[in-house]
Structures are given as structure tokens and as C-alpha cells.
């Protein structure tokens, strides 16, 4: 071969190799992306067996394929967004932004949930619109503000055109690339992201010194005065700190137009024929995201409802709530403490709690103890940052409301609203059996 | 002798008598005469020696290190072996084992008729044979009073510490919808398996807005008694929702 | 997996995505088509009896043939809303009941269009005290539509109705409204049980306030008032639809809890000649309905606390509401509306808080359960 051609050839090959290996982010996914062991304190064996679907068993080859896809930005229309763009292992498989940024620097309306332990969720997304991990994949891939593919067919075509993938798909699934298989592979990888083994798990396992006294008090408040346990339920069979249900806790109502929006949505829906034009105007002209699960079920009871999220690894998955509106854990607790934000659809279980500052600190200490070991250092730094901020900056705090002292309405000023249970002497965390 | 030294001596004596394991701690007795102590032979293989209360019969449990405890199954084996040893050494002694003994005729089941003990035909002298109608009356009276107290508290929110004028009977007239026969069960509000009293306490804290009662609080126990009493005759069905 | 089953979630996911994409690129025609199809499907499953915020009855969407064959089309003569059984204590003692009562008032005020009037169903106060009744009056004053009040036993037995009558006028009265004759009864009279026991007014009230003590007498309309009712109805033609507002149910459901009217049969006999009679009652704090002969009965929800279903006597037509969750202070409670139809029958919308609303149609009652069956609970009382 002529020297020039040889050089060209090598350059091309090298570029191709670099291009191939450079696919998954600048430095590669890193150890935080690796499949996790199930030898973790608090790992729920039975729940895990229920969470693996019979038609998509875990195999090493499938997991490796899924991992490649997860970190492959060729799944996006512009070749720049991969799943880990919003679900970054180093950031607790989130992006630590209030709402996610997708293709062409467009921002969506929802905060990116973590992939950690997502396999145990009964439904996926904040509004539960995907029934499985597999079904969830299609959402971001084809969403115009996320990965921007015109259709799943486009995604398949792109992947199919890559010989490496063709080979892997044949090996794993025995046939050509299909979107269903892309979903299966990615889901299989996601099912390896298990996050337990926290200090709290060890404490429950019998190690009394695993968490601080403050965290232990926080656990007691979590079970009693804080009323957290009823929705953020934990038990050894399902140690996820979520009831997997949907509740309106008033986050959407922070936005001033929520109530008229909700009424209008319901109004439009109930008028006979569901005047599509009206719904169209509503959808295009307003921000419907705050309506939450209602967009999925169209049931009035679901207006403004979002999924109860797990409380593990919160210190690497900030900011909080479906719109990422709360920056620190103290802000989220302040929100609950004052009884959420009043709106006609507020879940009746949300009441002012009357927690003191010390009790809030204890609750945060407890939440901090739910951090899995691989995130310990990052979580500690985030805790310090949030702690510092919480001493001076508390936008959600409303002590009068928290103590049931906020009145309302003409002639009805003064003590109003119903605060939660009084502090009990008995540690409620010890009541009942596990 | 001071009271303290008597107590010490008694403690020492008790500890000594029950020293079946070779290295049990021995407290020094005070001036009182030393009580008899069984000399348990030392194990030669680093195991543990177990001795019967006759101070003579003993056996070694191999592999059981000093300080370790046996499993139930192991302990049953060991005691069976010890008894067998003893019986071999005392062939003329009769040791009445429990119901598994083959010698007695099957004993007819006795119904508690509440009748006074008869002079013939019924067993005499033991605790449960000596109760009379008068006793039964006292018991029933006490039980009814306990339940009645529970009923009173059930209908009076302030008496159990409620602060907003809500009493249990408001949502549970005649203790309806309390289902005591379904406990223990997974209680959704607590997100854990609960007993009836756990749920009573949760209700006191939440809808009734009082402070949860201590498990030993007589009020909580009376409430529990009243609720259970309302479901007399209903089959137990724990775990039912 | 996603391609294999078209679950409800998938369908809604598609619709939801279509809705959000309306913001960007989706072809509008397709988008509207998808929406219309979904909305129609949802309504067909009768998931859409309007929430308390909405007044328009879904049944009006299509002409309805009732079991009686009278048929119905077009708008109803009128609709009214209700708030009932608020059981107010003084504010300083209990704020929860105040908050709930105000929530109900908010609900009826948000209705668009507004109802013709709002019925208050009785038991405004908990212990019949002036402060409690005053507080209730203050709260009801916030209602935009005209309010028609009815008395309950909790309002009456502290001072045998003195304060109530001073504040709200006579306990029984009648009026005509858009071709319907409306009667408001005082149906919680009780034979004297307090004099022989030498009870103070507070003790008498406390006894009446307890549902299960068995000391108080059973509710009754009483001879005098039955006479008043007969006289009042004497001038009303039998073809005129009747609405009877009563606190006690006017039938016999469960004696021990005074879910009961002692002279129910006699009252029903007075109502029997009329073609269309609907009784709206309070006191039972649960979703409850019945049909006896020509009379439909609808129980109203409370705003204060829910009651379990009685161990016996539940009307067979009633499909229980799901068990209430004590974690949620509003569960099993709410307010509602009644749509009086052109044919003189009435449908009821139970606007349950924190739950989907439930509509019970007259068609269901009149057909004795054969059509328009309301949804079943997951956990019934037992």
C-alpha cells in the first residue's frame, strides 16, 4: 500500500477505536456503574425474586449489553445524550438538577428519579405511567425534550447499523435488534443497581452503634410524630421507604396557577364529549406537568398526585420533589411540617406536624443514615453543605403553620388546622413486629 | 449480720448450688457456714461437663466450649442421656416422667363444671380443684369491671388524653370496625405488623390526638379488654384484612 | 414487553405523551383524535361523575331511558348541593372539624354553575351549645348560594331547640321550588328519657350525642308533626315530585345506633300516594341509599367523621363505600349534590374527599339494582 493510504487507514482505525471506546462519556462509566452485589445488609431477597420478570431473566451478557446501551449517546437524535446524561452513576444515578436538560439544551418539567433500586418500583416515573422498567425506556428515548428520537424505529435503525451491537443482540436474544430487546437489555442492567447496606440497615441488623443517637431519635420521629412511616413505609420485606402509591402533598400548589389549572382540567374533562379542543388549548397553553398522575388516570382524585419516592441515598440525589424545587432536606421537612401547601386536592393525611428544630435535625440525621457505602463520601459533603445552608436559609419554614396557629378566612382567624400527634414517650419504632 | 451480707450469702449459696458447669463463678460466702457445692469434674477435651442435681451423675458434652450454650435439640439429648444414666444407677427408684409414660390409663378429660369439689370422683387438693362458685363470681365480677372500665374510656376521649373532643366510639360505636380477632396483622397506617394495642395507641395519637399510652398503662389494657370483649365468639383470624 | 401488552397504563401513557407533545411537534389532528378517544373511554367507564367542583351530570350527555320508561332528556329542573353533619365543637377545643366544614363550604362555593341552594343536613353543633351553633352559623354564612337548614339531634337536645329556633327559625317547614314540593322535617324528636333520670341539660345532650349507649329514645317524627305533614301535603297533587329533607333516615336500618325512625311506616304511608318521592337524610355519616315502594332514600356524607356500616339492617341496594383510612382525616367524608331530574326522580353525587366521586342514579334504585350499579368497595365492613 502507498504510505499515504496506510497512514489514512491507521488514522481511520484509530479514530474509530477511540470513537468506539470514547462512547460512554469522557472517562468511561466508572466503578459506580458496575453491577452491585446482593450481599448487602438489608437486601430484600424475596422482593428481589418478585422483581425479576420471568420473560427477562438476568444474564451477564444481557447485562453487559444493557450497560453499553445505557452509556451510549447514539441512542439520542443528536448523538450527545445517553441515559447516564440524566442518570449519572456518580450522582446517585440522577443529574442533581431541579429538572433535567435534554437535547438542544431544552429543560423538561420533572426531576430525574434515581435508577438505584428502581427495579423494585411497582411503576416507573413520578406519575407511574410506565408499568415496568422495560416500558420506561421508550419514554426518554422518544421524548422531544429528552433524547429526541422521532420514534423507537429510528432508535432501532441506529443501533442495528452498528455491527458490534448486531453481534451482541444476536448472541443475547438470538435475533435482530428490536426495540423490545433494547428495553430488555437496558432494564436488565438497571436491575443490577441495588443500593442497601446503609448504616441504618446495619442498625436494624443489630449493630446499635451503626447510627448516631440523633439518627435514632429521627427514626423514632419518623415512626411517630412525623407520621412519615405511613407513606414512606419500611419493613424488612419491602425496605424501600415507599408505599408505591401516589399522593398530593401540595408541591404543585407552590405554583400559583395550580388550582385554577386543576379545576379547568377537571372541568374540561367532565363536560360531555371531553371537548378535545379545550383540552388541547389547556395542554398547549399551560403547564400540565403539575397535575401529576391525573394525566395518566384522568381520575379527579389523582390531581396533583405524585409517587412516594424512596428515601435512600437522598444526599446524592438532590434536589427534591417532582419538580426539584427543594434544595435541602430541611426544605422538604419544612414543607411537611407546615402541612404541605393547601390546595383542594391535598391528601388528608398531610397535616401540620409541630416538629421543633431539633426534631428536624434528628430526622435529617436519620435520612442521612440511609446512604449506601459507595456514596458515603459524596453524601457527607452534601450533608455539610445542606447543614450550613439550613442554619440561615429556610424558604419553606412556617413555624406558625407548623404549630397549627395559622388562621384562615374572615371571622376565622386564629388557631386553625389540625396538627399531628403529640410527642410520645414510647419509641414508636419499637412498636409492633417486623 | 447485716442485711447486705445475708443477701450476699444467699446469692452465693444459690450460685453455688446451680454451678453445673466447671467454671461457674463462685461468690465468697460471708461468715455463714458454706453451703454444699457439687464438684463438677473438669473436661479433659476442652468441652463442657454437665451434672445432674444429685451431684454424682454427669456427662461430657463434646465440642461444647465453656461459655457456649446448647441448642434445644442438643440440650434435650443431653438431659435424656443423663436421666437414662441415673435410672441405670438407680433401678429400684421410680421416676415419674410426663404423659409419655406408658403406665397410666388414659385420663378422661374433665370439664370445668364450676361445681364445688365432690368428696368422691373428682380430684382434690390441687389449685384448680379447689375453686368454688364464690370464686367464679369474684372472677367474673373483676372481668366485667375491667371491661366496663374499658367501655367508659372508649366513650371518653379526654380520659385517655385526647385533646380535641374525639372519642373512640365516634368512629367505632359498640367497638364496631375494630376487628380485634384479626391481629396480629400488617397495619397499613403503621406499615408494620401490629398487635391490637399498637393500633389503639396509634389511634389515640392520630385521630384522637392524645399521647400514646404506655403498654402497661391500665387504661390501654382496659381499652383492649373492652374491644376484645365485644367480639366474644368470633373466630380468631389473624392477618385478615 | 411494551409492545406485547396494551395495558391501561400504556394507553394512558400514549395519551399523556400526546398531550405533552402538543407543546411541540405532534400533528394536531392525531393528537385531538387520541384525546377524544381516551376521554370518551374514561367516561364510558363512568369514572367521571364530576367531582364536587363540577356540577354537570354526566348522564345528561346522552338521553337516558329509565326503568320506569318515562325517559329523560335535556337538563334537570334543578340541582342543589349539601353540607351535613359538621358536629362543630368550639374552635379552641377542636380545629379539625372546623377545617373540614370550611373545606365543604369551599367545595360548594367552587361549583360552577352554582347550585340553586345548599341544604345543611343537621348536626351543625356537636353538643348543642350556643358557641358551637354560632361558629356553624359563621361558617355557613360564607356559602354563596342560599342555605336551607335542617336540625339534627346534636343541635337540639341541650336546650330542646331554643337556641336553634332562635337562630334558624322553625325546625320543620316546606316550600316549593321549580315545580317540586320540598318538605323539611324535624325527625329527631325523642320521647322523654331524661326527666325520670333527673338529667341536667348537659347530661341529656351527652346521652343523645352517644350513638351506642342505648339510653336515649329512638328518633321519631311524632304525632304532631305527622299531622303537620299530612296537612301540608293535602294541597299537593300526587303528580308533584316530593323532596323530603330529614335528619333521621325515615326507615328502619339499625335500632341500636338510632339509624332509625320509630314511626317510619306511618310517615311512609303519608308519602305513599305520591308518584316521585326522594328522601335526603343525614345522621348516618356514610354512603347509603335505599328504595321502599315509591320512595328513594339517599343518606348524606358527614364532614366530621365516618361511621362504619351497622352489623345488620343495611339496605340491600346500598353498595358500601370502601373502608375509611384513619391516617387521612378527610377519608370517608365529603359533601355532595342532588340533581332533580325532569321526570321527578333524583340522582345523587357523593363528592367523597380524597376519593373519586360516586354517582348513584335513581335508575339504579328504581330498577331495584338492575341497572347503573355503583362501583363496589375493595374492603367492605364486616
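Think of it as A, B and C in the order they're written, each chain with its own count starting at 1.
Just so we're on the same page, contacts are C-beta pairs under 8 Å (C-beta built on N, C-alpha and C of every residue); 3 or more make two chains touch, one makes a residue touch a chain.
Values in this document were obtained by computation on a predicted structure and should not be read as measured data.
The pair with more inter-chain C-beta contacts, choosing from A-B and A-C, is A-C.
Innermost chain of the displayed assembly, by C-alpha centre distance to the whole-protein C-alpha centre, is A.
Remark: subunit B and subunit C have CA centroids separated by 53 Å (rounded to whole angstrom). Note: centroid distance subunit A to subunit B, computed from Cα atoms, is 48 Å. Averaged C-alpha coordinates give centres for subunit A and subunit C that are 41 Å from one another.
Counting partner chains per residue, subunit B has residues 164, 188-189, 206 touching two or more of them. Counting partner chains per residue, subunit C has residues 95-96, 325, 327, 329 touching two or more of them.
Subunit A has residues 227, 230, 418 in contact with two or more other chains. Those residues of subunit A lying in contact with subunit B across their complex are 223-224, 227, 229-230, 233-235, 243, 418, 420-426, 428, 431-434. Residues 1-4, 7, 9-10, 12-13, 16-17, 19-25, 28, 31-33, 35-36, 38-40, 42-43, 47-48, 50-51, 53-54, 56, 58, 60-62, 91-92, 95-96, 98-99, 102-103, 106-107, 110, 112, 138-139, 141-142, 325, 327-331, 353-357 of subunit C touch subunit A in their complex. The touching residues of subunit A, when paired with subunit C in their complex, are 53, 55-56, 123, 127-132, 134-135, 137-139, 143-145, 179-180, 183-184, 227, 230, 263, 266-267, 269-274, 276-277, 279-280, 283-284, 288-289, 295-301, 344, 347-349, 351, 404, 408-412, 414-418.
Residue ranges on subunit B touching subunit A, taken from their complex, read 163-164, 184, 187-195, 198, 201, 205-206, 209-212, 214-215.
Listed in rising order, the residues of subunit C touching subunit B in the complex are 89, 93-96, 126, 210-213, 256-257, 305-308, 310-311, 323-327, 329, 379, 381-382.
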